[in-house]
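Reading through the structure tokens given below for one structure.
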């Protein structure tokens, strides 16, 4: 292979490994980088595989690089070309079986697979979901980060890929987050501020509109915090009334399952009420750039996308090489509808800058990296490790 | 830190990571490399630690780099300076407890810790050995690679560091290896060749002499292979007679414990016969270069060592910085007494080229890399992974 | 210095040197790159210096990097801090004297200094211009690339910096270029196509409007080519009539000075007619981003600029550090008003993507790299060197 | 090409460029480095070329790298394969003509070409020498550094390559250098110390013996310094008497040509006396390693050479590829017969460490880099540039 685009994965946050040169002194110097494991295409494949056989088929399609051009054209090199599929499957075959765990109250749950919700589709494995659907009347899937990231990918990628039809949607909100979207600084969130809650409602409103666009009945779950005041909760209730969406304040953080019983009742009711068919946000027949533009405009409310010259070229090559019908997976910050983590509330009319396109042929989607998003996080300024210690008795301190 | 000498560890053979440049694009570019985990100083520390407290003290001493010079002198930066000791200990504290396993016949054994026998001292943990000594009358320690590497380090580093007094020594030989040292090519080893066995005896003779130099009573165990002929075994017996050392042919590969009963009896007998005190090969008071020269001359029979200018400078700095009394740990090929894997038999009068010196302050030794020895191996020309596959029934093939 | 932002200069087109890692093996690894000499800030300084003393003052201000942060803030390191100014001046002091040459017909000319018209301001030295103004009634300055690059920088940077007041402006056009802007492929330019000339007039019209915006009287010089047809020339004449600007077809490529006599007369006439005062495109008091936006909108007719996060941060730092009043120098392709070399004619409403900001503190401007523009060109796909040879008689072939 | 071994040349001492990674971000990352121009093979070729045609033939042979292996073997890529010879010749063709200059007293001299005396053969161009031989009765060639480097290469490489037969040899000595070789520190050289001169004579004696070994009549020229005392000069005279070699004290540094008249007379006399035929130190038929060993033993008085594994492998490949009959060119420090610049006098019995072998196929020799020798020098700790300045009147200071 002439160009190797496959990056190494490592389960450590080591920012110095984001961009490295390898192979010094041994004749094959390459420019590459490390991603954390959950950002690897292998994790996404693992979570979208419908069987051991399907896992192998997906692994085989991973594109790891390109050959030198022959007859004027570079050829893609896949994991199958490297004969790596058998060994990769051998490593993953036991992990592929969903592991059933339980909550503190004994409710069964699957915790199985953890793809990033930016570079990948952000929700647990298809096998876990399908197994659960065979065992229970109602299965809840957590689709992480904001609904513009997690829910969109759960619906447009995972559900579409395997024919799942979700019956209802829970949008989770908090008073604190609404106040932040209303402009309150992080250190001031404890003080009551109903005006800020009202200002931040623009963000919640958009998520509700977005989810309705998929044809899903929905409820807003208000995740309670100790500092929430009755006036603030009533403000949220008024907002939801305006939006004609039910609100269920939840206190499971304090009361366990009992604190979410109201929400559970609402969800059961909504599941029965489901009439309109679920529909993805975009058709797979659109050109790749149009799919990105559709998400940017309809969900994020951007005026348009901008493509770096490299991103535009990669998109064109992917269309030419037959990947044009894949869904797209947008990697951007979860803190804003834009690529600027500080742009709170519900910004409109901005440009979504697409800086790089990566193919995840095995996972079955095309990733668009937008803004500054990173696939190998760094440590916080004050690493938690600095406070860890083991005392003379062998007890461990500093993990809380 | 201005210079960071600490390398990353990874439990994969990835030769492209031996020498890398990291931190591109984020302002702190560094030249470094990866070693495999067993080559990390942390593994050596783990195996030499005598308690959880001692583990912490050793980790604290790890030198990871140097500061910019102040008042004309660079200062060493340790793991303690980085406040990393608590977190490292937290990760290792459960692993530090020796795990008792058993052989197929039920004999208890500890498999605990695996430092490389070149860059490190090559034998299992002190805690496992000490625990075993508290539980059994006789404890056998495997000290890997040739006796010039594994045994020398077991005796000069591990035994000296914690006051162990070995009672006897088993030198393991094979007819095949003696034939190789007698000049037979690998593909021709199956054919009977007593002349080659006799020629290769020079290698066995030196190992026997070397072990006697430590004051240890010894026995040669002849590890049987299917192709060994009676004439070849008799040739080895004659050689051992000449050396006045008992020989015990062993067939445990075929007969289990029964096949090594003779050897066991010899070892028990030797343990009782131990009269002369065990003595290390060199005194710790010698300058570091003299310790290297002593091993090179007495054990390897080199004429002398040569030091690259960088190695000479590092040795001088280490003496200046107070590390002069540490034992030394020579990293060289296990295939020859020299640094040339093809120099079979018992070469003499060669120069041992020392190319680089590394400090393992926490482990408590100074490593001398000699010849081409590597701390991150590569894959074989035909990786075993190419033949692995999982069949439709989920069964794994290609691991044998 | 912690971060070194100064790049090396080299007078060779070697694309592999655009982005390099240096200092391997000697303890100070850095990520940097090479620019060609004409892209170096030293060339821009050389061309803007008004005296030997002013040259030294400008060289002293060059920012080559930043210190480690002290008291929470990085400090800039200048060439003066490195005590490099004396030696740099010593190398440049003889070159600083303008060298008078002559055309084939004996007209005096200065060829003195050659800064790139993208990364720098693109016209010859101030000292040459001022010397010429002391010696002749009329001095013509060539301001390279399109008028959106060369002329804008000549006027907004060079003229403003030293108080020059240009009396008239010659816009150079060719029938071939107008046809290209009208959509004709490069290989088809020889065929007569008056419709294409008319379509391409949009490009000429904008340049004329742009130059008028500076308050300059102007004439269009039509640089003749062998393939131009009378009908095409008449088409250009009609376009210029519409624009109310005189047209002067020139044939100096064939007829020498005589072929440009008409143009010369027009210029002399215009110089007398100059009434409105020359005015730069933007005021220096505007924030840096506003200056960029002004050029992008008024001259290029972009809808807006977009800034990468890095570019936005650099602009903010420059404002904070007192560089906010410098003029700006846009580096973009000369083939289009946009950053896309294929966007011919007179595009409107596009976004100008600013990917990187560099400070040229000594030259006295802030560079904005837009789109894919490079500061170290590569060789053409078929390097001219392949055809060069010296024959047996020592004669050189292949340079034409 | 898969491996590119050709390094870039630059006429600046920039130590950070010794070892670099290039091509980041453009798909072809390579590990390489810069040498200063005088260390480039092109300079050596230029100085050994006998005509324009021979120059082209030599340039064509330059090996710049190796192909990917085909049929199990890598193929060398030459400058001819790249079609670079014509363009290189075009750049060099005017420079190839020797430029005649004169001394302050009007003596004609050629200063033409300057290859390093370590990595290359260290003396001026063959064309200059041959031109001079056609114009004058006696031609003196300066062969730089110590006679173990400059003279050896002048004789074994340049003279042998083009059939020159030197008639006599001048060995230049100084009282100061003899005192240094006698153990006096650099700062104490001004004080009279005849005992040190006597001790340092061991160095002079070896150079005299070495030159006699080539069959050359010789004279020692004592280059006078202000601090030399009559007693010291007499001590040198006594040493030369013992060696049976004439001594000529010279004062041309003070008296111009008149100060070297005695030496000139001696040289004229020696040229007439030349009877024994000149003979090189080694035969070209020896294996490459033997040639290196011969120089190391006969000239430097080393016990032996040592080869790093890489150097040994390169030598074997060169023999296999047909370069075994080339002469060798040893790059080592000029401050000692050994590779340790501090080993003064006439050391014996040391090992000459050969760390790297480079082929100069066009120049026609094989370079052996020994010890720490560098092909891209660094700046001194206190660069002279720091004191350079140009004053207000334009005068330059700080160059003396």
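We call the chains A, B, C and D, going by the order they appear; numbering starts again at 1 in every chain.
Note that in this section a contact is a pair of C-beta atoms (placed from the backbone, for glycine too) under 8 Å apart; a residue touches a chain by one contact, two chains touch by 3 or more.
Everything quoted here is computed from the prediction, not taken from an experiment.
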Interface with more contacting C-beta pairs, comparing A-B to B-C: A-B
Most distant chain from chain B by Cα centroid: C
Interchain centroid distance [CA atoms averaged], chain A/chain C, Å: 46
Between chain B and chain A, distance of the C-alpha-averaged centres to the nearest whole Å: 47
Inter-chain centre distance, chain B versus chain C - centres from mean C-alpha coordinates, in Å: 65
Contacts with 2+ other chains: residues of chain B: 21, 24-25, 30-31
Complex contacts: residues of chain D adjacent to chain A: 2-3, 21, 24-25, 27, 29-31
Residues of chain A that touch chain C when the two form their complex: 21, 24, 306, 308-309, 340, 351, 353, 355, 371-372
Footprint of chain C on chain D - complex, ascending: 8, 10, 14-26, 28, 30-31, 52-53, 56, 83-87, 89-90, 93, 385-390, 392, 394, 396-399
